[in-house]
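What follows is one structure encoded as structure tokens, with my remarks underneath.
Which chain is which? They are A, B, C, D, E and F, in the order written, and residues in each are numbered from 1.
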């Protein structure tokens, strides 16, 4: 069960409106690697967890924090949109390139659909979907996913940081950068503990079943030989990589049987 | 540029048809973490790479291999569908629970739309989308993504393995398990080399900008205290985690300004 | 069965082309609350209706009218795109901010994909989907949905009205505004009649089954006390709202059982 | 900012597992009208609100409660999936129609992708998307939307109630039914207050602009005369509906100009 | 503008309910190549047409007919769902394989979401989208698309025909088969006339611009030599196909420049 | 199985960067009719083929070539994005309309998400999906689809050609135009051979089943009489088209039965 505090976790007020930045920030909200992906992945993993409270609680702590990040960015976006020139007439931007850039670069749906407040979409107006989230039941895999979520998100925030000079926006981004550092590090920590317990290859209990003669071979399917440099390096599971210059096709030429006539598979 | 060899990389022939398994295998083909996600993520990362040939070539090798995995699974699925009882009449399954299970559990679109061959969807018929792929320009983040792709994929293949007793299907899955071991290990290797160069937190050059007082704090947003167990542990960047029992709301209560009247934002 | 009259229901000719407006109008065509959502929701509800002809006919009347609205907007959009400067070279817009705004703000797919005619997407190019429609079999719920469709649509048309000075476009929008008034009012009328018959809470026949001690309680999950103002007000079903300052968690801490080993749910 | 309490808002434990019900309940979680649609619509509306605290707080109260409903249903689904027969072999279901029904009717992704825990999809495995949510900036329209969300959701819960005899599942559903009664009633209350202030037709300030001669006319586009029964009834805004037997096409036959040759619009 | 006749274009009444067939028929309604794809493609092409009335009218005739086909199939599906055993308890299907097949194979959303009436989705519950439609402004290309729509649709109807013995369903399908024959033939006729006018390669006016040395070469990228059989055959534009055994890579190895540092493209 | 050659099939280097063109070219990569649609449709058709090697090999040749086209366009897009002014400050574009056009017209995700490299989306940022592909098992239908894919793609490339003056971009487009000519012609050739074998109406073996009295009738559902011009023309199957001025509704007014009470289908 959840409770909401009207105060934001951190400041989210721009120095002044900027509709182009309002559009760009939607990436951190409704993009593939935005805060909603973190929030619903971690919560779902936590709710589905049947194991150690250490990890379950970590997931629920972080998932809950992320709801507050969605809140902060939504709040920021609405303020960046204040007074956006959606009703500007051609006379106005005929002589004003800065206004022309805004006319061209705004997300028209933030105005038409949302009345100049945040959407839950990405900057190109694509709806966010749970197809971006992951909750597999296997925490080694999912902690790795969580590290990626925080890595891609922090990369995007870093890029966004340089796309504005607004000190208010940057203030919020500096906070988000720090939290994404923490989240990367904590999920790595959990990942490593879980790898120690279950093995470094996910899942750790299929080694005796797989065909091990193919499990440490760099196969050269592209004619560069860059990947040969890994040859002989020791993999994280202690075995060495070998290199296969010309990986062979071992499977024969497949020949499918014609289908039942009632399927009308007219194949020539 | 690419060339195709009609021979498959490995065997992909079941002992006998099984329409339920034909549906389940679509996960490895057109699911969020299926082979197409690997194929198009690695190829796109490779094509976009401007750096060391070692990594670029590794990405292109593996992306190219994955096209062949899509081929193998497509071939397998078509054979598992041979003679599926799509035209069975009620009289037939009225007395045959095994047939009833198949009637209920088949993907009807594999028959109606694809003439009993593979689709490019997941087992629930959802179309695969490039929204599942990642190519960010930052190889530390993307190598981590690639490790996740191979981890989630191998986890799913492991589950699929136990869902069938067909030795032909299992033969193919044992090969895929091994390749996914290799791919996990090679991408981890690349990831670690890149972390050594650029830092363990992605991206590695924003530390002086973020608010460091928040970058190593476990904030307790869920009332369990499992995550407190990380307190004092040394994070992968060498600093220690601290723990905040009651994270405070630092940001004030936001107050948005009313919008322009022409937006008709009637807010009460 | 349907018949088509080549004449439009109302005028749909702009005074002059305007590619930015051509993009914005796509919201009324292919947006979440656009005319296609009305058209296919009402028709589907009408086709699925097993009840009173009064409502069934109303739905089919209005759904059929909406096909004509899709037609009008498609026609308008194509005209707004006439002569759009898609082949303008940099020299042309280097000195012309109005042209620069258009270069930036056009939907490039209206040109590349549709040859400067309307798409069936929203202004951000997202495809319209039947995921936006509703036909539940329960007309109380669906009449409410229909009122919302017309409310959100009319709100958007009102915003679009102020985004242009073109008298031809405004002429069409004034007509659409009026029809959306009619449709809001007619569906409200139907809604109220159906509420009188089936009860104001949907569905009306589950009151004896639900836990009534929780059915009129404002629970205070956010620390503001604005919602306390509803306390004591009489709800539309005749009962009074009560207020719970600190809603309690009644459900215990869930503890899931570990899954079967073959699922590899490594949870720590 | 949000805080999480490990205890659930209400009980969410089934008497015994039931994989078919585990699939069906996904509708209340990740369906078009499921709890996520409520949660993110209300929160987004609340965060975007610039008006009266009474409504803003109501939205945030309810949105926050809904996160807990997503949690309850996720927890329930995981328990309903315990021990699901995903590894059953044909011998097992050859003689067991109940098992055959389960083999056919389970969602295979709940096993393969989520390790027998809840997904964030609907029962057909379609990902939930923010395309289902609404936050328009206009609270009259949005309160109406919220009433619909609760109406369609309660309708679905009512149907789900009769699809199981499990007393544990029914216990949770009886609680949800009650909360959805409260939410319908509270949002209706808010809707009516806002209608009193802003007018019953959304938005309320465009009446002088629309073509009023078309704003109260039932147009007969389907040859039934059911809708004529509304003729003469007084609409909620105090005016009477009129009826037009043969609505005329007022707009002329549109004639588009041929496009620029470089578009290759070969039209015959 | 459109008018609706309550009578269906053709009979759409099954002999008796069949929930499995009710699910399968959704393909013809809301599938990639279902009636909605025809309806909205043809109408959109017709509304966007600026050319000869012969083709414009043909498109509008057929698009309008297809609305009636959506109506027929929706009506049929609702009747096939009558009395579907959605509330069957385990005791009932424990001993009844036919019921077990239905329990497994029904679309649960047809019951939960639509109250046992048609959805606008495909049999796997995926929402129909305008991403399936085409209206390019070029009628040669689009008439070809229309022939494909009718070909794939008729193929699916043919498969569906053999999946049922219900004479009522088959009666409707026999009618749809005939109309899809007509539509294939009429669009082929239009296609050929337009090809005569504009050339057989779309678009017909770029021949002098393309590199003609590559425009009639079968390039052998797969190691089979089946495609060599086309060598020397005369293409539809009168020129002969040549065959290139080993197509060469003419483009060099691309080398991208490193990106600006502020993008953090850490590439190794 | 596939192999990759680091050399591109053809040149893909622009004379100079152009972020607007970088966005537009995404249509040919990740649009509905882009190269990925060709690549995965042809490969899937080829892998699913059980018939004549002539067609199977043709499909695999062409599908393999298309992977290389995705590679070429990805490479081109990355170079067009070099040095794009994503960090330009307002002072810079306040006086520069050309820069303003770029600020407005760039795809912000190419920068934020992909570090100024290609995405796998269309120019409006919509993810590519396998919902665009077709592999039906029937090669007559699918060859027709393939001709359409190449027709719509070549039409778009033709439009893109005139949207740039960059000789490097045009060089690549001239090559793609030629290959799309070849692919149109080869698939037409295959289509005609298959039509000769299986009949011109797809599928060719249902003629005796369909109601032939409706299979050659132009039905006049739109009040124009343009389509009457086809009357008496000989269709491709040798029969003449007839014309029905007033197509009648033959199907009666449908009357659905009320649903079970537990569905709460309150219909009035």
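In the analysis below, a contact is a pair of C-beta atoms (placed from the backbone, for glycine too) under 8 Å apart; a residue touches a chain by one contact, two chains touch by 3 or more.
In this text, all values refer to a predicted model and were calculated from it rather than measured experimentally.
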Touching chain C and chain D alike are A, B, E, F
For the two copies chain A and chain F, what rotation in degrees overlays their C-alpha atoms? Round to the nearest 5. 120
Taking each chain's centre as the mean of its CA atoms, which one is most distant from chain D? F
How many angstrom lie between the CA centroids of chain A and chain C, rounded to a whole number? 29
Chain-centre distance (mean CA atoms) for chain A and chain E, in whole Å, is 33
By residue number and range, which residues of chain D touch two or more other chains? 1-9, 32-33, 47-48, 52, 54-55, 60-61, 64-65, 68, 75, 78, 87, 96-97, 100-101, 103-105, 111, 113, 115-117, 121, 124-127, 129, 131, 136-138, 140, 155, 158-159, 162, 190, 202-203, 206, 221-222, 224, 247, 249, 251, 254, 256-257, 259, 262-265
Going by the contact rule at the top, pick out the chain D residues touching chain A in the complex. 1-9, 30, 36, 40, 43-44, 47-48, 60-61, 63-65, 67-68, 70-71, 74-75, 78, 113-121, 127-131, 133, 135-138
Can you tell me which positions in chain C touch chain D when the two form their complex? 5-13, 32-33, 46, 52-58, 60-62, 64-65, 68, 72, 75, 78-79, 82-83, 87, 111, 115-117, 126, 129, 131-132, 134, 136, 138, 140-141, 144-145, 147-148, 151-152, 154-155, 158, 161, 174-175, 177-179, 181-182, 184-186, 188-190, 192, 200-203, 206-207, 209-222, 224-227, 229-230, 233, 235-237, 241, 247, 249-254, 256-257, 259-260, 262-265
Going by the contact rule at the top, pick out the chain B residues touching chain E in the complex. 1-6, 47-52, 54-55, 86-87, 89-90, 93-97, 99-101, 103-109, 111-113, 115, 121, 124-127, 137-140, 190, 193-194, 197-198, 202-206
Quick check: in the complex, which residue numbers of chain E touch chain B? 20, 23-24, 27, 31-33, 96-98, 100-105, 122-126, 156, 159-160, 162-163, 165, 221-224, 247, 249, 251, 254-259, 261, 263-268
Touching chain E in the complex: which residues of chain A? 155, 158-159, 162, 262-264
